[in-house]
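The structure is given below, and queries will be raised subsequently.
Labels A, B and C are assigned to the chains in the order they are written; within every chain, residues are numbered from 1.
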Amino acid sequence: MPSPRILTYTLVITGAPYTSQAPQTALNFAQAVLAAGHTIDRVFLYGDGIHLASVLAAPPSDEANWTQRWGELLTAHEIPAVACIASALRRGLLDPAEQARYEKPAANLAAPFEIAGLGEWVEGQLQSSRVVYFHSGA
Amino acid sequence: MTTLHILNKSPDHPRFALCLAAVTGEDQLLLTENAVLALADTTLTLPARVAALAADMDARGLTGNGLSRYGVGFDHMVRLTTQASRIISW
Amino acid sequence: MTTLIIIDQPPYGNWAGREGLDMAFSLAAFDQPVALLFTGAGVNWLRQGQQAELIAQKNVDRNLSAATVFGVDQLLADSTSLTRFGLAPVDLLAGVETVRFEPALLSSYSHVVCP
């Protein structure tokens, strides 16, 4: 029997694509959460997980493009997705504002991801009825 | 308070033992990703309430007799997260 | 409603432990109750006399020593792990409380995060 309660979720992804299975496990879990009628408040990318938001990843055409697959799900369901700014800047993930601030030659944040602070994660902990983490398995 | 423990590390990873040390008899353990290899590890004793993502088992060829009873889908994983009062991802 | 952040990764060789510490300090900065538990190789964060500048990294011992001032409620360390890595109380940063890693320890925290 499916639970009649509608729950809200924050998903935190700390494992990177092509380094860990985390983006795939998290995506399949997110699809199942939505299919069960629950809500995803936000997706937060932390640590190596921020690589999921790089528009520059160019995997071979016979491999899954996790940035694109996640982008489609987030857009279709209007789920806010945030890459931690401290994790992102260190690893070379920039939006146009950070590109300008640090005078870098390019920005590479994929839509619909945004860059923001750990406060977004703290808020997720406070607001969502469930927080589920997807770490690197290595 | 029942806890859902989501474990994705291979049995050789230090966090595998750390997770098992935190599981009580009432807790639910869900094996995902490389952790499903624990079902084939003859040196391990797993807690009573254990399930594993069927896709991760099948992907690794863990389809032998007696193993399929552990396999669950992502819909069941969601149900486990709704039932637990606390979730720890190891 | 206290969050327990478990640090089981050793310092400096990878960033996981450091980013776990950042999560704890972030909760504290937003006035949320938080405790840190060091276990496994993670107890090496607590060793006195670290000179991380020699490998071009930041020393965290000053931050950790002041963690309770910054709003981290507890600094806990697993006793078995301390013994394993030859750490006696006198070797540790100030303010560390020795505990046993077991389900009863975790049960008092509403959120447990193992980054």
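Quick note on the criterion: contacts are C-beta pairs under 8 Å (C-beta built on N, C-alpha and C of every residue); 3 or more make two chains touch, one makes a residue touch a chain.
Model, not experiment: these values are computed from the prediction.
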Chain pair, most C-beta pairs within the contact cut-off: A-B
Reference chain B; chain at largest CA-centroid distance: C
Chain centre separation (chain B, chain C; CA means) in Å: 27
Approximate Å spacing (C-alpha centroids) for the pair chain A, chain B: 24
Residue list for chain A, restricted to those that touch at least two other chains: 131, 133, 135
Contacts with two or more other chains, residues of chain B listed in rising order: 89-90
Residues within chain C bordering two or more other chains: 111, 113-114
Complex contacts: residues of chain B adjacent to chain A: 6, 8-10, 13, 32-35, 53, 55, 73-75, 77-79, 81-83, 87, 89-90
Parts of chain C lying in touch with chain A, wherever the complex brings them together: 3, 15-16, 19, 22-23, 26-27, 30, 32, 111, 113-115
Sites on chain A touched by chain B in the complex: 2-3, 5, 7, 9, 21-22, 25, 28-29, 31-33, 35-36, 38, 130-135, 137
Touching residues (chain side chain A, partner chain C) in the complex: 14, 46-48, 86-87, 117-119, 121-122, 125-126, 131, 133, 135
Chain B partner contacts - residues on chain C that touch it in the complex: 6, 8, 39-41, 101-103, 106-107, 110-114
